[in-house]
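These notes open a run of structures that come right after.
There are two complexes below, and they share subunit A, which is joined by subunit B in the first and by subunit C in the second.
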Partner chain A sequence: MKSDMSTIVKTVTDFLFGFIIIFGIYIIIHGHLTPGGGFQGGAVVASGFALLFVAFARTFLDKKPQQLYGLFESVGLLIFISLAFLGIYRTFFYNFLANSGGLFGMKITQGINPGYFNTAGVVPLMNMAVGFEVACGLSLIVYLLYRGVIEEGEDGE
Partner chain B sequence: MNIIDHAPALLVAIPLFTAFLYQFIYYITHKNIRYLATVALGINWILGISMAFHVFSSGPISYVFGASSPGLSLPSGYHFPIRIIFEADGMSAFMALIGTTVSFVGALYSESFAKRYSELSKYFSLLLLLTAGLLGMVLTGDLFNFFVFFEITSLASVTLAAYRTYRKESVEAGFKYMLISTVSSLLILVAVGILYGEYGALNIAKVASMIQYTLLDKVALALFVTSLAMKAGSVPMHFWTPDTYGEAPAPITAMLVSASQASLYGLFRVVFTLYGLKISTLTVGWIIIILGVLSMFIGVTMAIIQKDIKRLMAYHAISQTGYMLLGVGVGLATFGTDAFLKYGFTAMKGGIYHIINHAFYKGLLFLTAGAIFYRTKTRNLNEMGGLAHTMKYTTIFFMIGAAAIAGLPPFNGFASKLLIYESVFKFNPVLSIIAMMVSILTLASFVKVFYSAFLGPKRIKDGKEFKEVPPNMVIAMGILALLIVIFGIFPGFVINNIVEPTARALSSPLLYISTILGKM
Partner chain C sequence: MKTAYAVIFMSILVVFLFTAITTLHPMGYPGHTEMDDYFIKNAQIEVGANNVVTSIVFDYRGFDTLGEATVLFTAVISVVALLRGVKKDEE
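Up next is the complex of A and B:
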C-alpha cells in the first residue's frame, strides 16, 4: 500500500493541486467580503494536501512533514492571538486598523457597495492567521491518520 | 489603562497565548521550557485574586471584546448587546478565584510529577487550554460562548485524562469522559438553540430579561440541568467520575474537580440568573436537592468499599458535590419567600462556601494521592503502608485534607458543613440528618485510607525507602494546605468578604442583567 498511485491519478493531482490551493487562498483572503473565511479556506487547502498524500504516498510518508505542519500551525495561532493583544490599549480584540487609512483601513460609507477589498482592519489578517493554522492543522491530522492506516496495514500483512 | 478592567479577558487570554507559545518553542527548539506554564498561571492567579476582591468590593464588571472601552456594552443608539461580552459578577469572580488557584497549583505540581511523560510541551499546552476553558466558562456572559468554552474544557480534559496512552484503562477513561462530554455539550447546544430561536439573543443578561418560562423554556431548562449535572458528576449521571478522576494524572484530577465545578457554576447560573426572574423555585429547588442528597449518599457508600485510593477519592468528590447541590438547592427552593431571608440565604452561603473548600481540600487530597503514586507506583491501598515514616510532609498534608473533608474543626470543611446543617435543618430536618451521617461515613473511609497508607511498619521496595516527593510538589500541596487552614481558622472573615458577596450576586439576577443592559 505504501506506494504512489497510478499515473492517471498523479497527473490529475499535479493539475488540480494548484487550483485547489488557489481556491482555498481566495476563500481565506476574501473572508471579510464573501461567504467563508479562515476556517473554510484552510479546510479547502488541507483537502489539496490530502489529495497529495493519497496520490504520492511514498514521497510524502518518507518525508515526515509533521514538524513543518506543527510549526506553522503554532505560528498561525500565535499571530491570531497577538493581533488580539495588539488592540488591548482599548480592549482585547479591538480592531485598531479599521478605518485608519492604512493597511486594510479604507473608510467605507454605509450602504450598498461592490465590496472593497482593502477594508475591515484586522479581520482579514485574522482570517489569514486562522487559514494558515487550519490548513496546517487539518493536513497534520489527515497525514497522521493516513500514516496510521498504512502502518496498521503493514502490521496486518 | 487599568489592568483590573481588562482582567476578565486576560484571565482567558494569558493561558491561551502561553499554550500556543509552548508549541511554537517546542517546534523551534525541541525542548520543553520549564516553569513557563507555572509563571503564566502564577500571573493569572494574582490577576484572579485582584479581580475577585475588586468585584466583591465594588460590584460586577463587564468586558466587551473589540469595543472602544471595556465596559461599553451598549454603544449609543443600540438597545441590544451585539458583541461578545464577558461578565464578572461576584459568582463568576469567585469561580475564577478557584480556577486560577487550582490551575497554578496543578501546573507547579506537574513540573515534577509529569517529568517522566513523553511530549511534555503538549501536556502543558493542554493544561493551559484546560485552564483557559474553565475560566472562560465561568466568566462568559454569552450562552453560545459558554458552549464553546465547555467544548474547549472537555477536549483538553479528555486528552489529559487519556494522556498515559500506554495504559488501556486511561484510554477507556478518556473515551468514557469524551462520550459524556459530547452528549452533554450537544444537549447544551440544543438548549441554547431553543432559547436563541425563541428570543433571538444569546447574551445571558438579554435572554434573562426577556424569559417567559413557556413550555419550550422548560424543555431548555431540563436540558441545561441534565447536561450540567451530568458534567458536574452528580448521581445518577456520576458513572464517569471514578474512571476519569482515577486514571487522569493527579494534578489534572485536581483541575478536573474545578472543571466539574465550572459546570456546577453553569447550573447555578442557569437556574438563578438565566431563569431567575420566572422560575418555579420550589419544583426546581427540590429537583436539585434530591440530586444533591442522592449524590451525597450514593457517593459515600460507594467510596467506603474502594481499594484504589484515587477511585475512593473520586467517589468522595461525587458525595461532596451533593453538599453544594443541597445547600444551593435549599436556597433556590426558598428563593423569593420569607424563608429565604431566614435560612435559605444561609444555606446558599454554606453551599457556595463548600465549593471553594471542596476545590481546595479535594485538590489537596488528589495531589497527596499523586505523591503516594509517584513514590510507590501503586494506587492499591493494600500494597501501601508505613509511608508516614519517610514522607512526612505528604502525611501532614493528607491529614489536613482528610480532616477538612470529614468536617472536623478547625478546618474549612467544618465551617461550610455547619452552615449547611444549621440552615437545612430548619428547611427539612431529614435532609440535615442525612448530611451529617454522610459526613461521619466520610470520616470513616478516610480513617481507613490514613491507616492503610501511612501507618504501620516501614515498607521497603527494591531495597529502597520511599523518599519525600520533590520540593515543587511539596510547595504545591503546601499552598492548598495553607489555604485550607486559613479558611478554617478565619471562617468569619471568609464568609463576610468572599462568600457573602458571592451568594448575594448569585441571588440577584436583576443586578446581573442591569450590568449589561443598564437600569430597566
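Up next is the complex of A and C:
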C-alpha cells in the first residue's frame, strides 16, 4: 500500500479520469472533422491511464493488465491493416466507403459546411483503430516503466 | 601533410557552401505545386472529410500512416521485450 499516492491525488484522479478518457475518445472519433485523430486522441487516452497508474499504483500492479493491453494493441493494428486491405479491389488503402451513401458514406459539398459525422468513409474507422492501438500501446509502455520503478524502489528498501 | 589535406578540404567546402548560397532559390519558390492545389480543390469532395489533413494522412497517404503505426508497434514490442516480467525465484 506504500506505493499508492495520497487521498487528494486519488480523489482528483477519480474525478478527472473519466473526463480525460471522454476527451480522448472525442478527439479520436471526430478525427475527420476537427483537428486531431487517432494518434493524438490515443495519446490523450494513454495520458489518462498514466495518471491512473501513478495514483493507484499498487492496485494496478496486482491486476497485471499487460496481456490485455498487448492484445488490444495488436487488434487495433490488425483492424487498420484489414480496412486497408478491404479496398484491395481498386488499390491498397482505397476508400471504398466514401460517398457510397451507406455507413460513413454521406456526400458533402465543397467549402464550408456544418461538419456531418456520417462522412469520410473508412477514415473514421481507421482513426478509431489507430486510436485504439496508440492508446493501448502507450499505456503498456507507461505501465511497464512504472512497474519497473516501483519494483526497484521496493527492492532498495 | 595533414595540414595540406585540411586546407584542400576546407577550401573545397567553402567554395561549395558559397556556391550553394549564391544559387539558392528566391524565398517562397516554388510556390503552389500541383499536388497542393489538387488536395485543396478535391479532397473534400473525394474523401468527404472536412479535415483535409486527416484525409491526406489516412487516405491519400495511408501507406505512410501504416508505417507510423508499425513503428509505434515495434517500439512497444521492444519495450515489452526489455521490461517483461523476470521470474526472481530462478536463483
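Assume the second predicted complex is superposed on the first by the 155 of 157 C-alpha atoms of A that agree within 3 Å, B and C clash if a C-alpha of one lies under 4 Å from a C-alpha of the other, contacts with A are read in each partner's own complex, and residues count from 1 in each chain.
What we mean here is this: contacts are C-beta pairs under 8 Å (C-beta built on N, C-alpha and C of every residue); 3 or more make two chains touch, one makes a residue touch a chain.
Remember, predicted model here, so these are calculated numbers, not experimental data.
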Check the residue A:78 against both partner chains and state whether it touches subunit B (first), subunit C (second), both, or neither.
-> first
Subunit A residues in contact: does subunit B have more, or subunit C?
-> C
Applying the touch criterion given at the start, work out whether A:107 contacts subunit B, subunit C, both or neither, answering first, second, both or neither.
-> second
Should A:93 be classified as contacting the first partner (subunit B), the second (subunit C), both, or neither?
-> both
Between subunit B (first) and subunit C (second), which, if any, makes contact with A:31: first, second, both or neither?
-> second
Should A:70 be classified as contacting the first partner (subunit B), the second (subunit C), both, or neither?
-> both
Set of subunit A residues, in rising order, touched by both subunit B and subunit C | 70, 73-74, 77, 81, 84, 92-93, 95
Where on subunit A is subunit B touching in the complex?
-> 67, 70-71, 73-75, 77-78, 81-82, 84-85, 87-95
For the subunit A and subunit C complex, residues of the former touching the latter = 31-35, 37, 39, 66, 70, 73-74, 77, 80-81, 84, 92-93, 95, 98-99, 104-108, 110-111, 113, 115, 119-123, 126-127, 130, 133-134, 137-138, 140-141, 144-145, 147-148
Where on subunit C does subunit A make contact in their complex?
-> 41, 44-51, 53-55, 57-59, 62-63, 65-66, 68-70, 72-73, 75-76, 79-80, 83-84
Sort out for me which residues of subunit B touch subunit A in the complex.
-> 1, 6, 9-10, 13, 16-17, 20-21, 23-24, 26-28, 63-70, 84
